[in-house]
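Two complexes come next, and they have one chain in common, subunit A, joined by subunit B in the first and subunit C in the second.
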Partner chain A sequence: MHDLTTSLSEIVGHRYVATTPEECYFYARDPGLMPAHEPDYVVVPKTVKQVQEIVRLAVKENVPIVPMGAGMTLTGLTIPLRGGIVIDLKRMNRILAVNEKARYVIVEGGTSHGVLKAFLERHYPRLRHSIPDAPPTSTVAANVMIHGQGRLSQQYGFNSDMVAGLEVVLASGDICKIGSCALSPEWFSRGAPLPDLSGLFLGWFGATGIITKMALKLYPGKKMRDVEIFVTDSEDFIPDIIYELTHTEMVEDINIFAQPLPMLFKDNHHVVIYLTGDTDEELEFKRKMIFDALEGFIQRKDGGFMSLAAGIQHTLLEMPQRSASTFADVTKGGGFEYSGPIIVVDKYPHCARKLAELASRYDLAYNATARIIGRGHCMMFAFSFTFNRADSDMMDRARHALSEASEFVLSVGGVFWKPTVYEQRMILEKMHPQTRSLMQMIKANLDPTGILNPGNWEIT
Partner chain B sequence: MEKMVTGQDSRVLQECVTCYACEEYCGRGNHPFYFITERRQQKGILTAPRAITRQWINVGEPRGRHELGEIKKKVLSFGFMPQFLQLVQGRLFDDVMPSYVFGQEFFCNVVYLHFANTSVIKDRLPAVIEQFRELGVREVVCMHDECYAAFTSLAPAYGIRIPFKPIHYFEYLYARLQQLRKEITPIKVKVAYQRPCSSRLCPESHHFVEDIMRLLGVDLIARRYEGQNALCCGSIFRMMYGYDLATDVQTRNIDDMVAHGVEYCVFNCPACQDALGIKVAKRQIHPIHIIDLCRIAIGEKRETEVP
Partner chain C sequence: MRYGEIIHRCFRCGYCKFTSDYADFNCPSYRKYMFDTYAPGGRLWLIRAWLDGEITTSQRFQEILFSCATCANCVEHCPFGFSADLVNIFIAAREQMVNSGIVPPAVRDYLKNIYISGNPYKEPTSARGSWADGTPIETYHGQDFLFYVGCVGSYDERGKRIAASVGRLLVLAGVSIGILGHREICDGNEVQVLGESGLFQFLAEQNIALFKELGVQKIVTLDPHAFNAFVKGYPGLGGDFEIYHYTQLLAPLIQSRRIRLAGYNARITYHDSCYLGRHGGEYAAPRAILQCIPGIELLEMEQSGENALCCGAGGGNFFTDILGGGEDSPSRIRVRQAVNTGARILAVSCPQCAKMLEDASKAEEVDDRLEIMDVAEIVLRALS
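So, the complex of A and B:
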């Protein structure tokens, strides 16, 4: 072990290698419910070359590697299940290039959403990216790696759909470029018109390679942004409301939430509708289109636009929103986890009812949150529970509730988003056998010694 | 009205948008709007979408989390409008503050008239009155028209006795400004007053607007949509009926202010200010609550300090 510490120090400098228990403690866990497991080493490289050397060293020593951004998945995807080396990519946080007219940015693998947002606001105010509602330290590469969603997902799909090119360090230590950047200085496409190889890496949680650079598509950044909340007293209306809203093509982002507290939100489902514009006229035109689209619901008294106090409006317009973090500690004790499957919008009523039933049965504080992905093509539905980490009984109840939610989701045709290793096993069991074989083939070829984030997407 | 009195259907039951103006127009104290509301509830005719009604009823439910200042015989009632916790400052309120109450326990619930639901009011209002009685207060200065009207109009109409003297805060402000008269520097600006719907439930207090403006030395302009012809802020219309009615009412109202060269739009109800503040500001009219206007006049605030 001492030799490996020395070797890692020679690659990145001794300040950027950690092996002490207090340092490894933090890399052993995330804020979710997955059991902790400590790494043997934490290493914080600055360059792609250093990443390559670390990977080559790990292969030589047959030591597992877990690449990590901010470690915010909540589902344990950066917990080193078999120990080894956690490669913390946060020092690789440079923004390398922006092509304003082609609307893309090239960033290093550890660049955070907060840094990118601040950079664009300062230097390219007419451009923006699809920022998720995760803490701003969450990284762009990790977010696309888990198929995250953000403020522009209703318009443009999963954040991973917005990838325009990748640079990946393979298990051999070699660099591989994916997309137009494989043969052109421009990073405008991750695949088309070539075979799209990005799927060999996106969604694999680092089990097939480590993203060291990536290009992300940018989109028009409008000067003005506003929010409306349409409330309805029945989950059964939600699919039709979403269908009408997405038909307008006037909406930036659509979120839905339902929760029993505070009383303002009790008993109802809230469709949060964001709209943007460069002028008051543009904003009002869109607002009228949105109101008109839901006029039938208002006439039938099935829903209406609630009055928004300035405080709520301010909170909702934050990017990213801090309210998620506030809810995460509503029970006190710092425990929060959600099962956030991707489902078709039609299944919202089923999931909303199941969540309320689970929360009641397990006596847990809960929140349902959903985000529309694409023009109603699907949604992420979060079964969220908070718990007190000092209360083991409450943690057990939360585990059981989440486990039941997972089983339920599969039964209604949903697919887990950023699944825990247990959920990955459930997926692989249910998956079409030829698909499973193809995944096995890809993993075996890209990670022949099985050192890349072992435990994840393991097919036996 | 005859149809409604005899229990028949009337288009009023479907089309009334709850502006409350008929309460003011009726000079005989027959409370036509309370009657319309009762009939609507009896017939199950909803004004607002169910979710909106439910939301408002939930929000007003007493939760035991009210806030009390140092209670004296005279108190200010903020009802359940948190804006007053910020607005009520300075010498204007020296002789009462910090004697105040705030929270659902002191929320008059009159707003449910908009939602055709008098039973919530009848359930909760006696408990609110009881809260005041238990505090032993003699005079309650109501910071909102609804609160004042609950005690001076609605409670008497339903035979509920009030064990204290309700005072409209306009009356209080006017008296206080007279005491501070020497400190008033006239504000020579043209203002429009945004009259709230609930002012229709207590029209006897409306004259204080003119009285106060005169004391402050502002020019309360005569315009089309003032007094009995006032247009509401539109926020209730927006929730209940959607975009078109609210936008029409708001646009006509603000166009009228602009046409008369108004510089300040003076608000009484914080909810009206929430609904119209930004909209008037976009037309170069300064939105201001009447309390802040008074504080500018007595030199406690500068215009630039008012949000």
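So, the complex of A and C:
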């Protein structure tokens, strides 16, 4: 162990290598409910070359490596299940280039969403990216690695669909470029017109390689942004409401939330509709189209638009929304976790009812949050339970409720988003055998010694 | 431990590390070390583990705890309901460590020096007021304001020059001030934030008794750290005085032209002291002074006001130097931020900031093109 510490220090400098109990304690955990497992080393590299050398060393010594952005998945994807080296990438946080006319940005693997947002606002106010509601410290690369979603997912799909190129450090320590950047100085496409190889890395949680650079598509940043809430007291109306809204093509983002508290929220489903524009006229036109689309529901007394107080409007327009994090303290306990399956919109009512039932049975505070992806092709539905970190019984109840939610999701045709290792096993068990074999083949070829985030996507 | 009932409530979301627009990490110790353990969330999780016996009082944990600059960036940006107590929690954990008798040697030495010598420099008390020799500043005998200088202004060479500049300026403006000289006692702010609450109480009670004995009602401080102690720590111990930082007195005097300024052509950027800004809520007064000087172009750094990066002096680090050293030390980052504005002068309103940033400008080898000056020194230059 001492030799490896010395070798790592020679690569990144001794200040950026830790084997101390404090770092081992902290990096063994994430804010969710997965069991802790300590790393043997935590390193904080600054350059791609350092990452390459760390990987080569790890292969030589047969030591696991786990790449980490902010460690905010809540599902334990950066917990080093077999120990080894956690590579904290947050020092690799430079924004390398923007092609304004082609609308893409190239960032290093540890660049956070917050830093990218601030950079674009300051230097390219006509461009924006699909920022998630995860805390701003969450990294762009980790977010696409888990197929995250953001403010532009309703229009353009998963954030991983917006990847325009990758630079990956393979298990050999070599660099591999994915997309147009493999043969061109421009990073405008991750695949087409070539074979799209990005799927070898996206969704793999670092089990096939470490993203050290990536290009992300940017989109028009409008001058104005507004929000409306359409409320209905029946979950059964949601699929039709979403269908009508997405048909207008006037909407930036659509979220849905339902929760029992405060009391006025109980049994209601709030469809949060975001719209953007460069002028008042554009915004007003879009607003009219949206109101017209939902007019029928209003006429039938199946729902209506809520008037928004300035406070709630401000909360909803924040990017990222702080309230997504502060939900953790509803029970004054600092914790929440969600099973966030991707489902077809038709399954919203089933999931909403199941969530309320689980919360009641396990006596947990809950919140349903959904985000429409790709004009209604699917949605992310979060079974969110908040828990008190100082109450082990409540934490156990939350674990059981999440486990039941996972089983339910599979039964209604959903697919887990950023699955825990337990959910990964459920997926692999249910998956078509040839698909599983293909995944096994990919993993075996890209990580022949099995050192890349071992325990994840492990097919035996 | 005090606040023990809330430390488990941190979600470690990381908002606390940032500026309000997320443009950069703004926690000084995290900027230096870049392990999450040195960020507020990491500290909270480790304090909980420490109280639960899952980690020990190791040297590393001591460094993690005492490298906090108590700058309150986390207080400003944490989205949770307990955010106001974040720095208090770190101080409470330090108290627990101090009470157990295990602290970093530099912390132990600082506290010991205050206890034995009454100042961190081990200098004689009789020399405390010598900085005022040759100035028109008198000893306190019932003037309107007690001019409280503090340890850095009394003993540090750079601090002494600033104390004399501020004192001269106040006298010139016709403010009735007096100093305590050799009778001045450490205000205890750093003692308190380093976790020695008993010694802080002792110092505060001594000061309060002396102020009352002398009939002091209004105090103007040189150092924002003393300002903080008097405003936040003393009232609970019976010390209710009217407290000003010197920039708060000077600003209206300059704005009302009671001090006439000839002008000074310079591009200046201003560094907010954490204890005047985030802790004291005063961002406007120093800027108002600078903006009144004809010829000055005031340039803001990207991180300023409530988003200012701490120079790394706070939380006792000015004396313990746990957070100093290396190109990623907050003071050197701050100097680079100042250079990026194109300013030729980096203005401060705190002797600790002045010293930290002056040393950093030398380390960055930019001292030939970036001068570190206290606001009072700039005003004096504008007079002449």
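Methods note: the second predicted complex is superposed on the first by the 460 of 460 C-alpha atoms of A that agree within 3 Å, B and C clash if a C-alpha of one lies under 4 Å from a C-alpha of the other, contacts with A are read in each partner's own complex, and residues count from 1 in each chain.
By our rule, contacts are C-beta pairs under 8 Å (C-beta built on N, C-alpha and C of every residue); 3 or more make two chains touch, one makes a residue touch a chain.
Since the model is a prediction, treat every value here as computed from it, not as a measurement.
A.B. asks: Which touches a greater number of subunit A residues, subunit B or subunit C?
C.D. replies: It is C that touches the greater number of subunit A residues.
A.B. asks: Now for A:Glu108: first (subunit B), second (subunit C), both, or neither, which partner does it touch?
C.D. replies: neither
A.B. asks: Once the shared chain is lined up, is A:Asp233 touching subunit B (first), subunit C (second), both, or neither of them?
C.D. replies: first
A.B. asks: First (subunit B), second (subunit C), both or neither: which does A:Lys266 touch?
C.D. replies: first
A.B. asks: For A:Lys332, is the partner it touches subunit B (first), subunit C (second), both, or none of the two (neither)?
C.D. replies: second
A.B. asks: Which holds for A:Pro136: it touches subunit B only (first), subunit C only (second), both, or neither?
C.D. replies: In the superposition, A:Pro136 touches subunit C alone.
A.B. asks: Between subunit B (first) and subunit C (second), which, if any, makes contact with A:Ala390: first, second, both or neither?
C.D. replies: Touch status of A:Ala390: second partner only.
A.B. asks: Mind working out whether A:Glu423 is in touch with subunit B, subunit C, both or neither, as first, second, both or neither?
C.D. replies: neither
A.B. asks: Going by the contact rule set out above, which residues of subunit A touch subunit C in the complex?
C.D. replies: 15-16, 18, 20-23, 25-27, 29, 31, 42, 44, 70-72, 88, 90-91, 112-115, 117-119, 121-122, 135-137, 322, 325-326, 328-329, 332-336, 388-390
A.B. asks: Report the residues of subunit B in contact with subunit A in the complex, numbered from low to high.
C.D. replies: For subunit B paired with subunit A, touching residues are 46, 48-52, 54-55, 58-59, 61, 63, 235, 238-244, 247, 271, 274-275, 282.
A.B. asks: Inside the complex, what are the residues of subunit A that reach subunit B?
C.D. replies: On the subunit A side, the touching residues are 231-233, 263-269, 280, 287-288, 291-292, 294-295, 297-298, 301-307, 309-310.
A.B. asks: Which bits of subunit C are touching subunit A when the two form their complex?
C.D. replies: These residues of subunit C touch subunit A: 6, 8-15, 17-19, 21-24, 33-37, 42, 45-46, 49, 54-56, 58, 60-61, 64, 79-82, 326.
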